[in-house]
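Two complexes, one shared chain (chain A), two partners (chain B, chain C).
Take a look at the complex of A and B:
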């Protein structure tokens, strides 16, 4: 269980401008939780703090009841896999090598049989077995993102945190990616938290939604409760129009009137 | 499902290593040959067994010094590139050389040429090394932590640091006495030909230890190429690692600079050539490859220089080639740079 207690965070030295204000939150298990909100709402920062990538300035993150900052980094990495927004790497690296690095918390880079097996499974799960010897920079955006997800899967953790995994992906690959994340929860029993920019992907695939604004959680709850005009209008400061399609909500946020 | 053990390009790597090793041996032979038989032939005298042994006795420390300094420079440069997530930076570009000269100048100026701080090679070495470690930590807290990946900023910092320290040193040099100035020249103009052999017994164990410490962690460095945040996600204590490695880099650079002077482009050249030849991002083969290439370049280069009766210093050749390579590299990778 991951529990966030009174987390506050600020970038400026005197703490005047807070990026996170007194956040309390319990991660829903074995479900997709989407974090949504405008730019600068603090979604990525919160995700980083939860995975102990960014040290918490005030408050604490409890992983199975234990303060996460007191746990050995490699032990945290056996429980939580964190994937940052993809960036260009400065070196050429093959998919296979990348996925093998997912095993680092378990084996420190010395791959044992079990590690090799997990790498095979992850590659197989993401349909990358044929591409394993390709270099990342030779791949399409979708394939590259799949490779990173495979690395996260190889890490074999109950919790998976993804920071804007749909960034730079076109529609086809975005949908594919969300379906994969859905499968990770439904088939592999993972707990996934994902920062999303497009509210409709949250509406379509997430179980829970955390809506953030100005460093605070405005509202959190089941997807059906959050994807509503009342909540979204406040969170995004915008006039939303929610329609129902095939039993799910779809947000229309385009303003036709000129 | 079949679990493959094959690593792509392994066969090529072995070939590359063999060729490099062979060339290295050739370089050593060339160096000794140039210093003995060629020299004797040029002077028109017979090479006696005794003279040969004598020259060999003098060549061995020079060879060891060159080899170990080259290895340290290569290893430290690769580590630095990994930590800064860049392929064109080397520690000397951040102004380490200038700091070495600056420290020497200040020691001499403020404590005098007879001071133990300046005269005792061990004390002197420890002070310069300490200063470089401090500078690198300052650099870490001031720059790397806040604007990592910001190469322009890092290079600017190096430029400004070199400028300030260099000019400060030059100012002190102009107002010091002639005698002190010559003393200083002798101390800061350590080159491959004029190696500071007095500290070799202090430096050798440090260097060997340093190389062992760095090589032992090659698996962690592999993960670091994914970037700080991602490495942390994989359980690397990144801040600690960054701190530690920058200190190692600073120690390595100060040791190498104190022993054979500054070789700005050797590390850059060796590391990138190793990358090109070995086609891998893994640190163990790259460490070994770049170390061998650096040693090869220095020893073979020095051998050629001896053959040419020292017409050009080997550092000039290496810097010329390294510099052209850097140009080529920047132009080629322009988009990424």
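Take a look at the complex of A and C:
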């Protein structure tokens, strides 16, 4: 279980401009939680703090009841995998190398039988077995993103945090990525938190939604409760039109008047 | 697949090249008669020249070249910038300052004291520079090495001013030319062995560092510790090679780029190849500078500068073209 207690964070030195203000939150287990909100709402920062990538300035993150900053980094890395939007591309490594790095917290770089097996599984799960010897810089955006997800799967953590995984992906790959995330939860029993920009992806694939604005959680809850005009209008400062189609909510946020 | 994969073939080529060039380097020189046959016959002159001049020289070439290649690679991994090297981050200039100060403080002393001075200054300068660029949050790849060269220029100006004030300019000029013919401090180059071994042992960690801070922290790596270890290794290599053979320009810059484009950035597979690659480059340059005015020799810095400068320009142009293509493609 991951609990966030009274987390505050600021970038300016005197702490006046807060990026996170007194956040409390319990991560829903074995589900997809989407974090939504305008640019600069603090979504990515919160995710970084929760994964212990960015140290919290006030408050604490509890991983199974224990303060995350007091746990050995390699042990945290066995529980939480954190992936930022597509990274450094000038590095020449193969998909196989990347996925093997995912085993680093478990084996420290010396792969045992079990590690090799996990690498095979992850590559197989993401349909990358044929491409394993390709270099990352030779891949398409979608393939590259799949390679990073395979690495996260090889890391074999119950919690997976993804910061804007749909960035730079076209519609086809975005849908594919969300389906994969859905499978990770439904088939592998992972707990996933994902920062999303497009509210409709949250509406279609997430179980829970956390809506953030100005460093605060405005509202959190089941997807059906959050994807509503009342909540979204305040969170995004925008006029939403929510329609039902085939029993699902679809957000229309385009301002078109001819 | 049966037989050699392309990676194995590339590895095989570099090992063979390295072996051949090492032999050429060992048995080439002004004194004729230093041949394998003479050594087997037990010719005393030949053995003496071989053990006191040829072997140390060849080892110095291999160690300093391998060392600077590794140092450059570390610098590039830590800064995530392919244009960084110990010469574009003030490391070598600070080593020169340290060396000068060790002279001014105790005129006559052992190589180890000189190296200690050079190391301390190189380490401080490198840490200072990396913390400055981290604070800048300016990630334009070409600006950072430019900034580093300005920074190095400032340190070097201070060194020159001091040398001028204490009337040791001539000595400084000698130190600022790389040469494998300067026998005095040759032994210092063996210090490079320590960081070379560490580089092989921690190769996976350094690969992961090269993928970024968040990436490394996600995998449970003590990012700051590994970076600090890397900086210590860079300073040690920079100081030891500077004291032993002087500056070897471009090696730390172009060799990591060339080697990783052949062998990839997974250092677990490519660290040794990188070292061999660097050695091959400097061995060739050294052999050329010994042949060109035979039986005299030209300063190896000159050969390296010319060859390195040309290769670097090719890389720069190709890199800039590649970069703009990528931008056009929207990657």
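Following the convention adopted for this analysis, the second predicted complex is superposed on the first by the 255 of 258 C-alpha atoms of A that agree within 3 Å, B and C clash if a C-alpha of one lies under 4 Å from a C-alpha of the other, contacts with A are read in each partner's own complex, and residues count from 1 in each chain.
Everything that follows uses one rule, which is that a contact is a pair of C-beta atoms (placed from the backbone, for glycine too) under 8 Å apart; a residue touches a chain by one contact, two chains touch by 3 or more.
Just so we're clear, the structure is a prediction, and the values are computed from it rather than from any experiment.
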Chain C versus chain B on the shared chain A, clash or fit after superposition: clash
Partner chain(s) touched by A:91 [first = chain B, second = chain C, both, neither]: both
Partner chain in contact with A:197 - chain B first, chain C second, else both or neither: neither
Chain B versus chain C as contact partner of A:78, first or second or both or neither: both
Chain B versus chain C as contact partner of A:105, first or second or both or neither: both
Touching partner for A:120 - first (chain B), second (chain C), both, neither: first
Contact residues of chain A, present in both the chain B and the chain C interface: 48, 51-53, 72-78, 81-84, 87-94, 97, 101-102, 104-105, 108-109, 155
Parts of chain A lying in touch with chain C, wherever the complex brings them together: 48, 51-53, 72-78, 81-84, 87-94, 97, 101-102, 104-105, 108-109, 135, 141, 155, 168
Chain B to chain A touching residues, read off their complex: 1, 3, 8, 85-87, 219-220, 222-223, 225-227, 229-230, 232-237, 279, 281-282, 336
Complex interface listing, chain C residues touching chain A: 80, 82, 203-205, 207-208, 210-212, 214-215, 217-222, 260-261, 264-266, 268-269, 331
Parts of chain A lying in touch with chain B, wherever the complex brings them together: 48, 51-53, 72-78, 80-84, 87-94, 97-98, 101-102, 104-105, 108-110, 113, 116-117, 120, 124, 133, 155
